[in-house]
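Same chain, two partners: chain A is paired with chain B first, then with chain C.
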Partner chain A sequence: MGDFLVTCLQAATPIWLAALAGMYAQRAGVVHLGLEGLLVSGAFAATATAVGTGSIVLALAAAVAVNLVLSALFWVLTTYFKANVMIVGLGLSLTAAGATGYALVVVFGSEAAIRSPIGLPRPFDGLSGPLAPLGDLSIVTFAAVVLSWFAWWSIRRTRAGLRLSACGSDPFAAKSAGVPVERYRLAALLIGGFLCALAGAELSLAQVQSFSDGISQGRGYLAFAAVLLGGVAPVGVSVASLFFGLAAALGIQSQVDFNDALPPQFVLMAPYVVTIVAISVTALANRRRGRQQTVIMERTL
Partner chain B sequence: MRRLLGDGRVAEAVRPIVVVALSLLLAVGVFGLSGYPVAGIVGGAVEGSVGSAAAWTQTLRWAIPLLIIALGVGITFQAGYFNVGAQGQMYAGAIGALAVGLALRDGPAIVVVPLALATGVALGALWALVPGVLRTRLGADEVVTSLMMNFIAVLLLEWICVGPLKNQDGSGQAATTDMLPAAFRISDGSGVSPLMLGICAVLVIAAVALRSRTRMGLEIRIVGRNPVMAEWMGIRSSRVGLLVFGLGGATAGLAGAVEVFGPLGSLRAGFSPQMGFMAVIVALVAALGPVRTLVAALFFGALRAATLYLPVVNDLPLAGLDMLNGMVALWITVSAVPVILARRAARRTQGAATVAAPVEKPVEKEAVGEHG
Partner chain C sequence: MSLRTGIRTTPRLLALGALLSGLVLAGCASTSGQAGQAQDAADGKTVALVTPQKAGDNGPTDNLVAGLDRLKEAGYTTRFVAATDPSSHESTLRSLAQAGTSVIVVSFSEFIQPIKAVAPEFPDTRFVHIYADPYKPTIPNVQTVVFDTRAPSYLAGVLAATVSKTGVIGFVGGTAIPPLYADFHAFEAGAKATRSDISIKSAYVGSFGDPVKGQQIAQTMFNNKVDVILAYAGGSSLGVVRAADQAGAHVIYDNAETPETAGSVIAVASQHYGDTMARNVLTIPAGTWKAGEIVAGLAEDGTFLKPAAQLDSVKQGAAEVRAAFETVEDVKTKIINGAVDVPFNTEAG
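Coming up: the complex of A and B.
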C-alpha cells in the first residue's frame, strides 16, 4: 500500500508541477499548450548537464535557464508578434520534441537513451519501518507539495496574485485598473518555465536517471488537462494531478494484477475520459447558471 | 481567423512562403552549426524528395495522407473551430477500416474495400463528433476535448494491436496486427497508386466546390468570420459546427483507412505519430485554401521524404524534421509586419500626443476554463 502511494506520487509529480505552471499561465490569460515542450526541454537540459558536469545543482540550473528562455520566446511571439497562443504552444511542444531528439544524436552520438551518473537527492532515503517507501521519493516531489501551497498563497493571498487572475478573467478591466497585463503574463510564463524545469528534471533524473526520445509521453498535455479539470485553482489542479498520478499508477499496477481482465490501456484512458466529462459538466453547469456563452467564441486564429 | 488570412491577398500568399523559407534556413543553419555538411544536406534533401522517380513516389506517399487530413482540418478551421484531434480521428478510421478488412478477409475486394473505407470515414467522423457535440451543445472547449480524444485513440490503437487484432503469425512482432489480404490493398508498399491519387483529386475538387460554389461553404466561412452576423442571417451555427467537425473527422478517418489499405497493410501501435499535427500545420501554411493545401501538402510530403532519405546519406537524425515542423508552427501565425507598419502609420498621423499604444489588440486570449 505504501509502495503504491509512492508510485502514485512519483507518477503525479511531473504532471503536478507542469499543471501548476499551466495554471499560472491560464490565470494570466495564456492558454499554455507548450507545457509538453517545456517538460521535454527541461528533462533534456537537466540530463545533458548532469552527464556533462556531474552536478545536480548545475543540472537543475541549466533546465531552469533553458525553460526561462523558451518561456520568454513564447511570450514575445504571442505578445509582440501577435501569434496565435495555441498554435505557438503546440509549435513549442513540437520544436522541443524534435530539437531534443536531434540534440541527443548530435551531442551524444546515438538515439539511445543517455544515462545520468547522478539522480535527484532523496531526502528520506534510508528510513526503515512503515515510512520506508518515502525514501524513494525525490526532493522534487516534496518541492511540489510546498510549491502547491505557494501557488495557493500567491494566487489567493497576495495582491499580485489577484492582479494576475484579473489579467486572465478580464484583461480590459485589469488594464483599466492600471495592471500591466503583458508583464504579468510574462511573469506567469516565467514561473511556469521554472516549474516545468523542475518537472522535467523529475521526469528524467528521479527514477530512471536517463533521458530518451519521447520521454514525456504526453504528460504535458495531461498537465494541461489537469489545469482545466482542477478549475484553474491551485488546490483543484493539485488534486487533479494526483488523480492522474493515481490513474497512471493503476495502469502500471493493472499490468501486474489483472492482466487479462482489464487491459491497462483502458485504465490509462481514465484520466482523459474523466477530463472530457468534467469539462462538459462544467460547461453545462455554466450554461444552466445562465452564464450564456456566445454561440461560437471567435478565435483569432 | 482574420488575422491568419491577413489583409491583402498578396500578404496572404507571401507570408507562409517567407515563414517556411526562414524556418528551413534556420534548420539548415542548426544542422550546419552542429557539424553536418550543409551542401550535402541540401543536395541530399533535393535528391531524396524530387531527384528521382522513387523520390517522387516517397514525396507523394507522405503528401497523400497530409493532404486528405489537411483539407478537413482547413474546413473546420474556416468555421472557427479549432479541432486538433485529427491524429485520433485518423487512428479511429484506420482501426475501423482494418477491423472490417480483417473480419471479411474472404470476401470480394470490390465489396470489402469500399465498405472498409466507408467504415473508416464513419468512425473518424464519429470520433470528431464527440468534441463537436460537446462544443456546439454544451460549450465545452473543443481544443481540450479533441486533444483528449487523441490520447484515447492512441491507447485504443495500442490495445487493438496487442489485444483483439494482434497478429497471429507468431513472429513475435510486439504490437502489430495481422496483415490485410493482398487483394484488398489499394497500393503496394510504396503507398502511391492511381486510385489514391484519384481520391485526392476528387477531394480537392470537392473542397474547392464546397468553398466557392455552395451555400454551405459560404455559411461555414461566415460562421468562422463573424458568428454574431451568422446568427442574424439565420444561419444555425451549431449545425454548421457539427457539419465541419463531421467533415474534418471524416477526412481524417479516410486518411487512416487509406494508410492501412495502402502503404501499411497492417497497424502498428503509434504509427505516424506526428501526422495530425503536421496536417494542422499544412492547413495553416495553406491559409485554409484547398488548392494551396495541395501545394503545402506536396511540400511537406517532400520534406518528409527528404528527411527519411537524409539519415541514409548523411546520418542526419530524423528528429530534425519534427524540429523544422515545430519551427514552422511557431512562426506561422506571427503577424509582426502589419502590426509594426500600422503602429508606425498611427504614430506618424497622431504625432507624439499619443499616450496609449495606438494599436490595441482585441481580446485574443479568452480563457478556456473557469477561474474559480
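Coming up: the complex of A and C.
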C-alpha cells in the first residue's frame, strides 16, 4: 500500500507542479498551453547541466533560468506583439519539443538518452519500517506540497492574489482600479516558469535520472486538464493532479494484476476517459448550481 | 478585428505557399532529370541505406549503419540517407534509383507506400525492406526482412524462470500491439516450460519513448514480488533498468548496452539489423537473392538472446545467469531444429 501511494505521488508530482503553473497563468487571464514545452525545456536544461557540472543546485538553477526566459518570451509575444495566447502556447510546446531533440544531437552528438550522474536528493532515504517507501520520493514532491499551500495562501490570503484573480476575471475592471494587469500577468507566467522548471527536473532527475527526446509525453497537457478540472483553484488543482497520479498508478497496478482478464488498451485509456468524465461532471454540477463557468478562455485588454 | 485581418491575409499566404511549392517542385524536376542521365552506372556495386530516423539513436539505425561498413569491406560504394520527413520518402527513393543505385535498403514500416510507388518503376534496382511485413502481391525486385522475435522471447522466458528466486517474473512492452502480445506469449511459454509454478505479470507502457512511466511500471512490478523483467519497450526500457538498479533486480534488455545499463541488465534480447542487412545484400552477387519474405531468426543470427557484456557488474547472481545460459543454449538448439515449438498467439495478454 505504501509503495502504491508513493507511485501515485511520483506520477502526480510533475503534473501537479505544472498544473499549479497553469493555475497561476489562468488566474491572471492567460490560457497556458505552453506547460508541456516548459516541462521539456526544464527537464532538458536540468539534465544537461547535471551531466555537465555534476551539481544538482546548478541543474535546478539552469532549469529555472531557461524557463524564466521562455516565460518572459511568452509574455512579450502575447502582450507587446498581441499574438494569440493559444497559438503562442502551443508554439512554445512544439518548439521546445523540437529544440530539445535538436539540442540533444548538437550538444551530446546522439539522439539517445543522456544519463545524469546525480539525481534529486531524497530527504527521507534510509527510513525503515512502514515509512520506508517515503525514501523513494524526491525533494520536489515535498516541495510541491509546500508550494500548493503557498499557492493557496498567495491567491486566497493576499492582496496581490486578489488582484491577480481580477486580472483574469475582469481585466478591464482591474485596470480601472489601478492594477497593472500586464505586470501581474508577467509575474504569474514567471512563477509558472519556475514551477515548470521544478516539474521538469522531477521528470528527468527524480527517478530515471536521464533525459530522452519527448520525455514529457503529454504530461503538460494533462496538467492543463488538471487546471480546468480543479476549477482554476489552488486546492482543486492539487487534488485534480493527485487524482491523475492515482489514475496512473491504478492503471499500472491493474495492468500488473489483471492483464490476462482486461485488454491493456482499456487500462491505458482509463486516465483519459476519467478526465473527460470528471470535467463533464464538474461542468454539469456547476451549471446545476447556477455557477458561472470558471474557465476563462481569453480576455485581453 | 483580428478575425477579419486573418481572413484577409489567408489568400495571400496561400498564394505565397503555392508559389513556393511550385518553385520547389521545379527544382526537384530538374535534379531528377540530371539523375536520369546517370542511370548507366546501375551495374556498379552501390548500396544506399535510407532510414526514417537519424543515426545516433544507439539502436536500430546505428546498427544498420554499422552493417553498411560490412558492405563497404565487401567492395560496395555505400551511402546513408536519413529521411526524417515522411513527405521526402518517395522522392528520396526515386532520386536514388534514378542515380543508378543498385541496391536500396530501407527500414521500418514508414516506407511501405513509397516502395510500392517507386519499386515497380525501377525493375533493375533491388530493394531490401528491413522490418516490414511482406507485400501482397510480391513485387519482383523487393525483398522484405522480418525478424522472428518470438524465439528469443521464449529463450528469455527460459532464462527468467531459471534465474528468478521469487517465482514471479514480468514482461514490460512498449505499446499494446499484437506483435508484442505474441512476444509475451512466447516469453510465457518459455517460462512455463522451464518451471510450471512460475507466475508472469505483464504491462504495457503505452509508448516506446516514456522512460518515466517505464520506471513506474517496473517499480510496481518489483514491489509485487517480480525479480526479473523482460523489457521490450525501446526507449522506455531505460526506466525499467533504473527501477531495477533501485530494487536490486534483473532486467533482460532490448537495446544496445551502454555504461548506464551496467548493474542490472543480465542479458540482451534484440536483433542484428546491420548484419542481417549485409548478409541479405551479399546474396545478390552470390546469385541466391530472392524477392518476397525473408525471416531472420535464431538460426540466421538475425535475432538473439545473449548474456550481457557487462554481466560481471551485476551485483548478485552473475554466476547463476551464466549457468542458466547452458539451458538456454540447449533450448535454442531445440528451437532451431524444430524440437521445441514456439507458440504464435497474438491475443492480448
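Observations
Note that the second predicted complex is superposed on the first by the 267 of 301 C-alpha atoms of A that agree within 3 Å, B and C clash if a C-alpha of one lies under 4 Å from a C-alpha of the other, contacts with A are read in each partner's own complex, and residues count from 1 in each chain.
Here is the rule we use: a contact is a pair of C-beta atoms (placed from the backbone, for glycine too) under 8 Å apart; a residue touches a chain by one contact, two chains touch by 3 or more.
Fair warning: this is a prediction, and the values are worked out from it, not measured in the lab.
Counted by residues of chain A touched, the larger count belongs to B, out of chain B and chain C. Of the two partner chains placed by superposition, only chain B is touched by A:Val88; chain C is not. When both complexes are overlaid on chain A, the residue A:Ala97 reaches chain B alone and has no touch with chain C. Within the superposed three-chain model, A:Leu134 lies out of touch with both chain B and chain C [touch as defined at top].
After overlaying the two complexes on the shared chain, residue contacts for A:Arg27 are found with chain B alone; chain C is out of touch. Of the two partner chains, neither chain B nor chain C is touched by A:Leu246.
With both structures placed on the common chain, the touch criterion links A:Ile276 to chain B but leaves chain C unconnected.
By the touch criterion defined above, A:Pro263 lies against chain B and chain C together after alignment on the C-alpha atoms of chain A.
Judged by the touch definition given at the top, the superposed model places A:Ala48 against neither chain B nor chain C. Legend: residue contacts after superposition of the two complexes on their common chain; A:Asp213 is shown touching both chain B and chain C.
Across the two superposed structures, the residue set of chain A contacted by chain B and also by chain C is 82, 84, 105, 111, 213, 263, 265, 268.
On chain A, the positions that touch chain C within their shared complex are 3-4, 7, 10-11, 14, 82, 84, 105, 109-113, 115, 136, 203, 207-210, 212-215, 217, 248-249, 252-253, 255-257, 259-260, 263-265, 268.
Chain C makes touch with chain A in their complex at residues 2, 53-54, 56-59, 170, 176, 201-204, 206-207, 209-217, 219-221, 223-224, 235, 238-239, 242-243, 246, 258, 260, 348-349.
Per the touch definition, chain B reaches chain A in the complex via residues 1-4, 30, 34-35, 77, 79-82, 84, 130, 134, 138-141, 143-145, 147-149, 151-152, 154-156, 158-159, 162-163, 223, 226-228, 231, 237-238, 241, 274, 277, 280, 284, 317-336, 339, 361-372. If you check the complex, the residues on chain A that touch chain B are 26-27, 29-31, 33, 37, 77-78, 80-88, 90-102, 104-106, 111, 165, 168-169, 171-172, 213, 218, 221-222, 224-225, 227-228, 231-233, 236, 263, 265-266, 268-269, 272-273, 275-276, 279-280, 282-284, 286-287, 293-301.
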